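To start, the structure under review is shown below, and the notes come after it.
Which chain is which? They are A, B, C and D, in the order written, and residues in each are numbered from 1.
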Amino acid sequence: MALSSRGRLGTLRVFGPDSDGIVAACSNLMGKYGCNIVKSETWSDQKENMFFNRLVFTHDQPDKVACQQDLTEICKDFQLENRLNWRDRKKKVGIMVSKYDHCLWELLLRHSANELPEMDIELVISNHPDLQSVAETFQVPYHVIPVTPETKAEEEAKQLELLKNVDVVVLARYMQVLSGDFLRQFPENIINIHHSFLPAFMGGRPYHAAHDRGVKLVGATAHYATEDLDEGPIISQDVISVTHRDGVKDLMRKGRILERNVLLKALEAHLEDRVIVHKNRCIVFED
Amino acid sequence: MALSSRGRLGTLRVFGPDSDGIVAACSNLMGKYGCNIVKSETWSDQKENMFFNRLVFTHDQPDKVACQQDLTEICKDFQLENRLNWRDRKKKVGIMVSKYDHCLWELLLRHSANELPEMDIELVISNHPDLQSVAETFQVPYHVIPVTPETKAEEEAKQLELLKNVDVVVLARYMQVLSGDFLRQFPENIINIHHSFLPAFMGGRPYHAAHDRGVKLVGATAHYATEDLDEGPIISQDVISVTHRDGVKDLMRKGRILERNVLLKALEAHLEDRVIVHKNRCIVFED
Amino acid sequence: MALSSRGRLGTLRVFGPDSDGIVAACSNLMGKYGCNIVKSETWSDQKENMFFNRLVFTHDQPDKVACQQDLTEICKDFQLENRLNWRDRKKKVGIMVSKYDHCLWELLLRHSANELPEMDIELVISNHPDLQSVAETFQVPYHVIPVTPETKAEEEAKQLELLKNVDVVVLARYMQVLSGDFLRQFPENIINIHHSFLPAFMGGRPYHAAHDRGVKLVGATAHYATEDLDEGPIISQDVISVTHRDGVKDLMRKGRILERNVLLKALEAHLEDRVIVHKNRCIVFED
Amino acid sequence: MALSSRGRLGTLRVFGPDSDGIVAACSNLMGKYGCNIVKSETWSDQKENMFFNRLVFTHDQPDKVACQQDLTEICKDFQLENRLNWRDRKKKVGIMVSKYDHCLWELLLRHSANELPEMDIELVISNHPDLQSVAETFQVPYHVIPVTPETKAEEEAKQLELLKNVDVVVLARYMQVLSGDFLRQFPENIINIHHSFLPAFMGGRPYHAAHDRGVKLVGATAHYATEDLDEGPIISQDVISVTHRDGVKDLMRKGRILERNVLLKALEAHLEDRVIVHKNRCIVFED
């Protein structure tokens, strides 16, 4: 939905302490700049006394600097944070992978089918050469940067250099832990897929742990990566039934179907500016 | 959520041809009457060029007549229909049943657990005496009105007399077809639960038909009753897996779990003014 | 399915180290006693080198003592454990509850609808008087035994006295921890419903913990109670979607729907002799 | 599971009128030929008085001709049909597609990930050249055979010539109706994926029809193709939630995720000899 018949579509997210008049103030502001609101979703967290609003609006390339200034002024009065996106360009995405290919295939296939129209895939970075041919099938550059404990700092520097023009990093089963220095370069813009129903089975080998525990469902969780491994804000989760007949390999096979779906759903929400993070929880507005 | 800490909560639904400025006009109007918008959800159906908006707002008992007049005026300009509900009183619900008790139990139990705070259950009407004791467990009046093809008109007159102060009729597995005259007394206020995934298996004995077809899922559908049997606007649907081992009785047993859940979900949406019917389709806003 | 048209139905479960000829040996034995196998399900856990078999057979009241002796002999050869149940009588069930009523209602309603034909509900024990009227609606005896840390041993003695003729104990949201002495009276015959997707959120207040973590699904888990709290073998699990809009109370409300379904499913499997516990994992044969 | 540590795995399916002693007779026969039963699942359809049995057994290349003869003899006595498969070779699969690529990708990707170890993909046939590069990515031959109403008979002859050594045909969104002559070449070996929850929305453009009806779930159905279009025995079905916000294109996008999963699940069951067709219904044994 990058373009509507009535002009370009932009998004505005505002959030902060709840108070009277926020909706009217924001919709009046956008109206002043010739923007028409085609979608508005709000949410008041009464326990936290917080207000969240996401607007989708048409625009005809108004004075964006002035609009942002006015918005900043209004938000200062209401103590709100704001994220205004005119959506004049697609988000640039870098994908990081190791050896598992199912999430990478899914991202590349959905993108090539034009189902992720809000992004361009800039590159794939891996610590292994295995998936080079997958990236090449879609003419996406593939960079191999092996990582060892000793060389991690300098390898991350290389990765960051490659990612310097990227908006969003997708960890599509990248099996290395990123440093805090790396993570801080992309606040709320690194999406990881973890192969369990978090917070169950954090850390490594979650399918083995799930099998040992004898669970009857396995899950997958997409979340923003933070310095607390597997504890970042959750964007999307899903599960699939398993039985006693399923060994660890079967859990992995069934889980792969889940992982790609859950990652895709989270990425769609992120690309469409539908997520607001507040205190380690994600407000995810509907599409 | 009948009362918030900041005052009473009301709802406003407006819908009609899409045009610029609707959101701002409505939120300004409500602000003028001291109402603060705590939730707003909009939807534009670009194919139909239709706009739908649902607002939840706090109010402090303003001049309601004046507010409705102003609203009517604005809506006339925009060619919108409106539904303004100050939620000063609960909706009065009449339940109609035959012999199956699972949906009736569910409604009475959820209500007595205060999970359906927006309604009062006024009475139960049945064409059979079987479920009298269920209603009595919850001190709800139970009226037996047997219906035969010959006496249908006069029996429906008796039913309508009993239902004359009722806002919403729930057909909780009522196995008689209602006449058009009856249905027209409660436009968009009669909710039926059908025991199949509509439009599959319309009409009678859907579990038998599902078993004959060898389906691997059975469903349930809650919809507004209209004169076209089982063809009214769908509010909620769900399915459950079945296998070759499930006979018709098993489908019925599994389906009963579904039916009560689906009916409950639809009724909640209706009671919270979250549904707008447009051309045989339901816009169902999130809770 | 307590009676088939061809005679009574019994069940046989055998399990132990995998070896050749078990299926033939068991089916021949049953044939020798005039039993016809109407259902057989086997499973070989190749990793553990274990074999599991469940047979459903018709019988015409053969010499049961002799049959059990022969079976024991055969199983000795194969180093198998066996559970032979002629199903001549229903299982006697005792329900333990505290204040939440939804699981108790579900058990009583499904039982009264004849959907749990393999059991008789003998009594309900609670540490609170609140649910007396629920039990009375179905003419089931209700015993109040308050429990305090100081009196726990003697109160459990009273509970055990009441449960002395009971086969199965269902903890239908009973909020007290049972002692090892109590649990050992009913090995693999105490079913607990825990209101989370175990192993996530073990212990108290799981809905609060789930809300704090910002999960997008909440779960329920039915398992056999063991001395390791919330770590017993899992029989059944399910989840339901939640969003940022759901507060703790909403999680509880949605979770209640789950809890009753999951508990019911586990109890059905248990009553139909479809579960075999092996090393903290449940083999659950299909119905 | 093509090979176990204890030898090769084979499958036997027998079915016919229910009578005493079938299980013992079959397991004794297999024992006589040195086969050990590692899995047995039976089902009695009491309404139809039919018995179904699927055995998985290890074998060490016994005298297969003799075993089949003995089996045929036994089955004659019991009036059973039998399907004995030593699984000495993989099933040869031909895929037919038109322009949609998602099901083709899924089959090729899962196969290349060794998740469909029971099959070889022999070729892809299409009435359009569009998906040539997809097949080539996996080095699978791709044949373009355009079909018009006038040339259908001769084009089908070409297709049949290409498929002459194939065991199973998968219609992975092949948008042409096959003739009865074609279908009869592969009885119970042509699997079609239909993009609706059958029997709802049979025939063309089911997503459009689903959108028009305003359903809240869309589905996909994998079934054996028969001369009655979209009325063949159902192997697998699933659904996904949709809302008023989803236009026809969104239904298609969501449905594609479903279609590939449902087709895959059905194909797995078929390849593992887990399906028995009886009177337009599928018995699908668990994996």
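Assume a contact is a pair of C-beta atoms (placed from the backbone, for glycine too) under 8 Å apart; a residue touches a chain by one contact, two chains touch by 3 or more.
Computed from a predicted model, the values in this text were never measured in an experiment.
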| item | value |
| --- | --- |
| Partner chains that chain C and chain D have in common | A, B |
| Longest centre-to-centre distance from chain C, chain (CA-based) | A |
| More contacts between chains, A-D or A-C | A-C |
| Averaged-CA centre spacing for the pair chain D and chain A, given as whole angstrom | 37 |
| Inter-chain centre distance, chain A versus chain C - centres from mean C-alpha coordinates, in Å | 41 |
| Chain C residues counted as touching two or more neighbouring chains | 43, 46, 243, 245, 286 |
| Contact footprint of chain D on chain C as seen in their complex | 4-5, 18, 20-21, 23-24, 27-28, 31, 36-44, 46, 53, 286 |
| Touching residues on chain C, where the partner in the complex is chain B | 101-102, 105, 109, 113, 115, 137, 243, 245, 253, 257, 261, 286-287 |
| List of chain D residues in touch with chain B within their complex | 43, 45, 47, 197-201, 213-217, 219, 233-239, 243-245, 247, 280-284 |
